[in-house]
Amino acid sequence: MLVVMKHNASAEAIEAVVDAIQDMGYGARPIPGGQRTAVGLIGNDGRVDTARLEGMEGVLECIAVTQPYKQVSREWREEDTLIRLDNGTVIGGSEVVLMAGPCAVESEDQIMTSARLLRAAGATVLRGGAFKPRTSPYSFQGLGEEGLRLLAQAREATGLAIVTEAVDPAGVDLVAEYADIIQIGARNMQNYPLLRRAGQSGKPVLLKRGMSATINEFLLAAEYLLAEGNDEVILCERGVRSFDTHTRNLLDLTAIPVVKGLSHLPIVADPSHGTGLRSKVVPMGRAAVAAGADGLIVEVHPDPTRALSDGAQSLYPAQFEEMVGQIDVIARAIGRQLVTPLDAVPA
Amino acid sequence: MLVVMKHNASAEAIEAVVDAIQDMGYGARPIPGGQRTAVGLIGNDGRVDTARLEGMEGVLECIAVTQPYKQVSREWREEDTLIRLDNGTVIGGSEVVLMAGPCAVESEDQIMTSARLLRAAGATVLRGGAFKPRTSPYSFQGLGEEGLRLLAQAREATGLAIVTEAVDPAGVDLVAEYADIIQIGARNMQNYPLLRRAGQSGKPVLLKRGMSATINEFLLAAEYLLAEGNDEVILCERGVRSFDTHTRNLLDLTAIPVVKGLSHLPIVADPSHGTGLRSKVVPMGRAAVAAGADGLIVEVHPDPTRALSDGAQSLYPAQFEEMVGQIDVIARAIGRQLVTPLDAVPA
Amino acid sequence: MLVVMKHNASAEAIEAVVDAIQDMGYGARPIPGGQRTAVGLIGNDGRVDTARLEGMEGVLECIAVTQPYKQVSREWREEDTLIRLDNGTVIGGSEVVLMAGPCAVESEDQIMTSARLLRAAGATVLRGGAFKPRTSPYSFQGLGEEGLRLLAQAREATGLAIVTEAVDPAGVDLVAEYADIIQIGARNMQNYPLLRRAGQSGKPVLLKRGMSATINEFLLAAEYLLAEGNDEVILCERGVRSFDTHTRNLLDLTAIPVVKGLSHLPIVADPSHGTGLRSKVVPMGRAAVAAGADGLIVEVHPDPTRALSDGAQSLYPAQFEEMVGQIDVIARAIGRQLVTPLDAVPA
Amino acid sequence: MLVVMKHNASAEAIEAVVDAIQDMGYGARPIPGGQRTAVGLIGNDGRVDTARLEGMEGVLECIAVTQPYKQVSREWREEDTLIRLDNGTVIGGSEVVLMAGPCAVESEDQIMTSARLLRAAGATVLRGGAFKPRTSPYSFQGLGEEGLRLLAQAREATGLAIVTEAVDPAGVDLVAEYADIIQIGARNMQNYPLLRRAGQSGKPVLLKRGMSATINEFLLAAEYLLAEGNDEVILCERGVRSFDTHTRNLLDLTAIPVVKGLSHLPIVADPSHGTGLRSKVVPMGRAAVAAGADGLIVEVHPDPTRALSDGAQSLYPAQFEEMVGQIDVIARAIGRQLVTPLDAVPA
């Protein structure tokens, strides 16, 4: 780390910074420059709390030269992390994975119909919320454990793997019992007790980027999972807060190549929440794959106009199929291929 | 609610919207205009899920005419909510309340010294974290229950009320046992299981605005607390995410008069997290009071350069005293006054 | 337009709004609802200044039901606008257009080399700044008219059309003399005297989205050009301001399908300024085409490490060629094709 | 400047960076660290174009240790800049200056009435637009030179100084003929030809912060004025773009103490554009003064409901008077005082 001093910082101020660094247990090396002095902090592992130094007399700013995260970084592990699900799907390799399903599990008929349609269209992972975090306390909050049972029933029937959300630490074990992948939603990206418990669950975790999380904060949230010993983490870009009201969020597709440069973890995109508009999901799903996403997680509903939540951003099954056809070509244009559809298990 | 149709929407599309609205259990009233038709949705209570309508053929947009929140609104309850603490402090009335203390409880000596200094300076509520949500898993995470015990000891000695954070649903009861006010942090503003439990705790709750929460989302988060029967909610503006790197957050002081117009709940400001810079805390604390805040929550540390967290934004005790003197005048300029200091209990 | 009244607005307040609307020359129709009254404003053309109404007693908000722009909208003109350049390139049709070149014209050798390389790689439009708006007054500001002459020389030699920026109203005529397309930069998106002059120039205009322009503001800026009688406008998404520092801007690719839904004008993407990072230009260029962009405008420099400006985001010629190959496949996956390369004019 | 290399950067990559720095005319000093090497760039004046280095092999990032601006900084000039107007008003000293008036000059009666009211209320500078940049081409664009003449007439009658906007380089001389202070609007903050001309005008300039300008960009825009020899620059915070729709902009009051720390130039606040809501102007005007603003620029209209522009954010004269009374107390609480009202010139 580099502590940059003000132009006119006194020798005493510089000395005080050196003392403070040493008091924190690190080495300090003053680097005089043409206009100002900087003090290098030596021997740290990238996790120094700079706050104490930043407020000191004569200090202009503290510049982190090392990254604040560690196990998630490519410097820690160079090769891509691959996550293998029981049904054979591999996330993070050359295949582009398709996760799809309704926003929420609503009924046996709805989830079973969805699963069959999506399997036929090439998806290998079924999404669907049993526990739904909703902005308003008066909105539909999900079927709870009954929803989990219906998801398991759909897996049984179709072979699709299940990704579904856990919303509190106490509920992680229950979700882990039924799901192949535990989802942590955007609102919970910095819910650390939840992250710790998910990190201990023994299941892969799909971690959504928070509403206005920086890339560093996103990777640090993943670091909470790895710090608990779970390195099966799938990152998910799902749009950030912006100032334009035409879309629900601003899908930050550039985050995909940026994250793949900084980390070995796979990253998928959610164009449904990322746009909030059915008619924009297909073009942005294509764009995400063209940008290098390891997969998509998309809301598809057998009858979107009757969906209990997120109907406006759910694809009709036929739209999903059309998108899959286009993505197939795009994936091959960049040396990848679509995930292999599941074998002809009776569905 | 108003469903605005596209210019060229067909009669069938309009009819389908009318049908969908009726299918949802509401009345529908088409309103033909010069350029386009809108369909009014009648008989709702402001909590309609518009998603289903938004994705329909011919629909341009859905416009909420009623607010999505209810019990928190001034239309629900016109007069200001007052929250009375055991030590006599009243939040939300004409007095401007001073909550202050270190970022985290670090030791008996640190918290007792802080409490005595702050009581002498006019604060009546002591802040201090026992459970600390930290962006990095490797940062200091607080003393836990030991921290709560030290806070209680400081209350015992000084009469200051205690505000401290709960970070997961399972921990709410423990915090409620020691604290006068349970704090919900910005990262947890949409942690709904935590909000529900805090809403059931029987204790006042200080709810911090999320990093990029809109005013509506902020009020809806508070609605979760009121929906559980707890109307002792103190809102807290603490800065939102922005694009400039000079400050940690962008303190949105206009939110204060905006919230006071929309809601009956008191709102305080946190200029420490709102700026992240010690030298900006005093001017922004003054500005918050001038803007109409019902109080301040400020980080003060007896020795900021040795703080284990947030040292760079913690005031020296002398700075806090100076700010209190200035705020005293500002409060009176707008027809308010500073909170009455605690009586001369031996401290 | 709809003027939504507060829940408890008095009959007098409603009457005053009706009077104000009539005083403005429009019709007013009160619409009583379950919870509140709204007043419809009838007979406007979507360009009402709502400010006067918004501040009135009892008014909650004014909701624009018609769009504020007019000639740029798809409701004004349903079919896509096609822009035909002298060298045969058509922008806005089924072909995906490639505009490329250095940030700034630096020398005869640099621009001639660039033009030959880019023509060979399939571009049909050459970009290059002669007048450069720079954030710092001390940075290189371009060669001025000499730069324009060198661009014309490159067109002469290669047949590439020229797009280059005008930075003030007085300079528009000069740029129009040399260029095939006049560029208006992001910083000048709301420079109305410049827009008016460009609207009168008789040349196609490439209008870049402002740093934090909403879609509505972007389309209203284009409306300035159409209002002057120039409907040959190419919109350009080039990233918006965001809070993450990994990239220079946040490329908002969703704006592409959104704009294509709202307007008949073509829209291209600039992944160079949109990311600011050479290694992200290729994936984001691909993603833009997958999202439906009518073309790309990309910075390519024969020797990026020696560029006088924007070197870090300029592609090497070989990278550009690789991207073109990938885009070719992606364009066909969505029923489009790459622009036809120029015939074998001696180059 | 510091060029931080990646963890695994090769010796060749480091050598290439050293060569590139030397090729740019600076000194290069490699600084090996525990985890990675950084290369210091020596002998620059804070205005290096880092783009070339940022894209090089093995480079992680370039960190500016010196500020990119120069003459505007406190390191260039330590004492506050004072700007003295002909009517005796001094901006940037201990007095808090009041600039007020209608959004646009609409008629002789309107501007003369405004001027008399405002002079009586204590303002010493009259604002009013003759040339109005408007988002829509169909909105009222101002009276032009006739507006300037009316402003001059108001000055004649009342002694108030005049601040009014110039919107293009060719119009600067005309505005300079009539105005005491030339305003550069937010949309034109990076209109460099306009800034240069204003820098040559010999008149003080009030420079508004751009819609999403960082503090650095804001100061660099001011640097354009100083670079032309004009150091009479008044900065103006007027709100930045944000994601909440309750207010027109997000007034960034923290920018006031931040700018005062970085620069010697005075800074005023515009709570009218900063909030867009009449009812929020008074609290935010008070807050700006409490935060340390050198003055306010406020929209006041004799009859806001009939204003041709910005009516919803214009104060009634009585509201302005009430605010002035409150600000008077607040200014004294922080060791300042309100500007001395003009002497009893017949008005």
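Each chain gets a letter, A, B, C and D, in the order it is written, and its residues are counted from 1.
Here, a residue touches a chain if its C-beta (ideal position, glycine included) is under 8 Å from a C-beta of that chain, and two chains touch if they have at least 3 such contacts.
Small disclaimer: the values here were computed from a predicted structure and weren't measured.
When the contact pairs of B-D are matched by residue number across C-D, B-C or A-C, over half of them reappear in A-C.
Taking A-D and A-C together, the chain pair joined by more C-beta contacts is A-C. The distance from the centre of subunit A to the centre of subunit D, with each centre set as the mean of the Cα atoms, comes to 39 Å. Computed centre separation for the pair subunit A/subunit B is 27 angstrom, with centres defined by C-alpha atoms. Centres computed as Cα averages put subunit A at a distance of 31 Å from subunit C. Contact with two or more other chains is made by residues 212, 241-243, 245 of subunit C.
Listing the residues of subunit C that touch subunit A in their complex gives 212, 214-215, 240, 242-247, 250-258, 261, 274-275, 279-280, 283-284, 286-292, 326, 329-330, 332-334. Subunit A contributes residues 2, 4, 6-8, 31, 33-36, 38, 40, 42-44, 46, 63, 65-66, 75, 241-243, 245 to its touches with subunit D in the complex.
Listed in rising order, the residues of subunit A touching subunit B in the complex are 20, 47, 49-56, 68-70, 133-140, 167-171, 187-188, 190-194, 210-212, 217, 220, 223-224, 227, 241, 277-278, 304-314.
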